[in-house]
């Protein structure tokens, strides 16, 4: 049982880490606290489901398609809704409040649209349910492939952040936005790109999530909350921190649901969050 | 304090309006009673929310955590204690939880507070559910008290008046001065001798205690209670948006936000239940873009501009 | 080559720079001297477009108007700023910081050769390419900031109090390096409190008091007169 | 003259940086003392340590017989230390008068109601803002906003007034007015400790000066004498770098 919990936890943690990665890029670079993030994840899940059930595509093809779509949608969202707010606000505090409220509105808007179109039931599709044997544990094939792709996308993004000019510029803005102009970086362009990249990761995370579990129209809220907790645990803008914290939360959730009660996973996440806030408010991995 | 003529007139007017409101159930059918109860519960919730969140700019999404705690306290204790005592117990529980949460989170940056308060209700709900199913073995409780809807309405009307009075009184007191200064610049407030943590904590606790009481008074209306019913996040969202629409920094702002939105959402949930969330979302976006300081500020702005216009 | 006319700059209602005009010639090193709070840094931020100036001001580089150029494009035009407090990305490595310096298109072509030249100028940075800048000493961070600015292949270097907070021995090293940079043909505009060292380096100087230029002249003239002393220690 | 404020071996570190290094000095009751030094010499940090905005890493700060080192700013304010800020800081949502009433309302014992109004208006009158209590801070010009800050600082009759570059950014005629204002305050016997760059003001107002450089006190004594020591000149003008 221990090893199956571990593997379930790792799969969950890998997906969470990917989601948190997207959110930490959005918050770290674009300085937008996006409370509708989870709704974009669910959009990716719905999209994948439709591609599989209606168009008969392989979920992995849908995943590849979800990336540019998530990017484009978030790019548009930033340009039309959030950039005007960023331009209007006089202080960082004001932008924070405004962006929280606006993305909160988007959360309801998108949830409402999902409910009108798909209803409130559990959604999903059948894919690779046959168990494969890993270290003596039987686990659904979809889960394994989900984890592989979460890790793959996360690793690619990480490499891009470290090795490419695109990534170095992004990290520079995340760490010291006020100095960006000194090295010729256009903050506005960078913020839009970061927000869109985060959106691409969200959609991809949703596609992966749909490969191994069912979801509902309103699940986005909990995903946002978990991703936020992971981001803050890892330290805002800290990519490695987000990856590690994602895995920790995944393992804790799997552990709590096996050892105590599946109904307490969010409570456990929040208990950890509270400890982190009191003990190391700048994140577990801050220096 | 010197009472001027306008104060006395205001007082007489207020007494008349409250008496009129109190007498309303006599003229209404049961449905109307329930509607009034709901309306005044949201007026109180929004006003209590704005009491803390308005001047401090800490966006609290913890409303339903306290509301649900109040309702649940009544559900657990209504058969063993008289209703009045249960209310006092609920009030105390609300105070204790808010002090603990406040001590842990009010030192932190605003955005952490938002996120924590976002999940607090869900955390409390999960803990109660777990406790009820695993320890007491009774998920779901019945609330039977010897009170009619009209009685509950009177209590809420009283609580609404009290909340507005507290808001007015704080505005006139040293506490009001302190909290506005804190909202502007904590450092300035601290150097003027204000114990910032204490003031924030006190206001958060007062606000939470009122919200807990609203939940407790509303509790008998549910008759059957389980965590997923009384900890519905919609309560937090509606409270927040009502206060924002009216303008959270003004005494009457939340009232002006609560009245139209309550009726709008009441109408939506009977006529267009599927579109409830969409409309809620659109209103949020609309407020941020069109009336960021609330309608009351907008109206005042229009009037002053008009007055200035006629003068020149 | 660089000309700034009638520059005024305000913070809210406070006029920090009051109708100042300065210029830098080709290959020249110019210093702006002044006591704390005289408005030196504000002036530098204004003419490098990092802070908004009043509309009457005119800034040109080799005749091209920089008035409408946004802050992040200034470095592309050939002006690199080393701000007060250095403005380095402390969470990133020396290498990352240098790479960021080569962001402008004007710097991309012979990026690698330039990096070699710059690292030769700052041997200590060459040894520590993988080190995080935040873990380095103040003097080393200042070197990173200057090296990064040079990576953008600038025609003109703006330096805001580079000696601030550095030990005397490090200041000495810093000015030695600046002298070599000057010899390599880069024009410089320097804001400094360290009068002695900066007048030894500079060709020309301005003295700023309460947001206005109160005197100007060659470095030699300024060193021998008492105006500088008075600007710092009162009349 | 009795000692009002004593700093003994006060050190403040930010990470690896030592901003204030083993600083010791004493202010006597009724003195007007200037704190000088080049940028980055740790002057503002000293102000923040005294007012409680920052906790000292080590050393002790005694005010009027009380060890204020471990106290938070609001407790220190109640003991009778007021300050202004380097960049004007006012509560924008409050009227000018309410800004001045605030420290009265939270002094010990507190003053509230009509009496507080009267005291606030008197303080405003004293700084030359009589009758402007109902204005919004944002509608005042820069010097008047600085005056409001000063009124807020002096309203509770502090024993020690900390002025952090209060005269920075004033034009010559405003500066004259400001110097007279501070001189008037000093004449009432209040102890004033000011960080200032405008030497003219320092020479006129402060019989005594403390000069800091790189976090340490390098001179302390009569203003004219202190300003002509070689150490101070070097601190201001830089050492010869032999280039």
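Odds and ends about this structure:
As written, the chains take the letters A, B, C and D, and residue 1 is the first residue of each chain.
Convention: contacts are C-beta pairs under 8 Å (C-beta built on N, C-alpha and C of every residue); 3 or more make two chains touch, one makes a residue touch a chain.
The model shown is predicted, which means the values in this text are computed figures rather than measured ones.
If you tally contacting C-beta pairs for each pair of chains, A-B comes out on top.
Computed from the mean C-alpha positions, the centre of chain B lies at a distance of 55 Å from the centre of chain C.
Look at where the CA atoms of chain C average out and do the same for chain D: the two points lie 32 Å apart. Look at where the CA atoms of chain A average out and do the same for chain D: the two points lie 49 Å apart. For chain B, residues touching at least two other chains: there are none. Not a single residue position of chain A touches two or more of the other chains. Contact between chains, as defined at the top, is found for A-B, A-C, B-D, C-D. Those residues of chain D lying in contact with chain B across their complex are 51-53, 72-74, 77-78, 82-83, 85, 89-94, 98-99, 101-103, 105-108, 110, 112, 152, 156. Contact residues of chain C toward chain D in the complex are 11-16, 35-38, 138, 161, 163-165, 167-168, 171-172, 175-176, 179, 192-198, 200-201, 210-211, 228-229, 232-235. On the chain A side of its complex with chain B, the touching residues are 33, 35, 81, 84-85, 93, 96-98, 100-102, 104-113, 115-116, 221-222, 225, 228-229, 232, 260-261, 263-264, 266-267, 269-271, 273-274, 277-278, 281. Across the complex, chain C is touched by residues 17, 38-40, 87-88, 141-142, 145, 165, 168-169, 171-172, 197-200, 202-203, 214, 227, 232-233, 236-243 of chain D. Taken together, the chain B residues at the contact with chain A in this complex read 57, 59, 104-105, 108, 110-112, 114-116, 118-120, 122-123, 126-127, 129-130, 133-134, 233, 237, 244, 274-289, 292.
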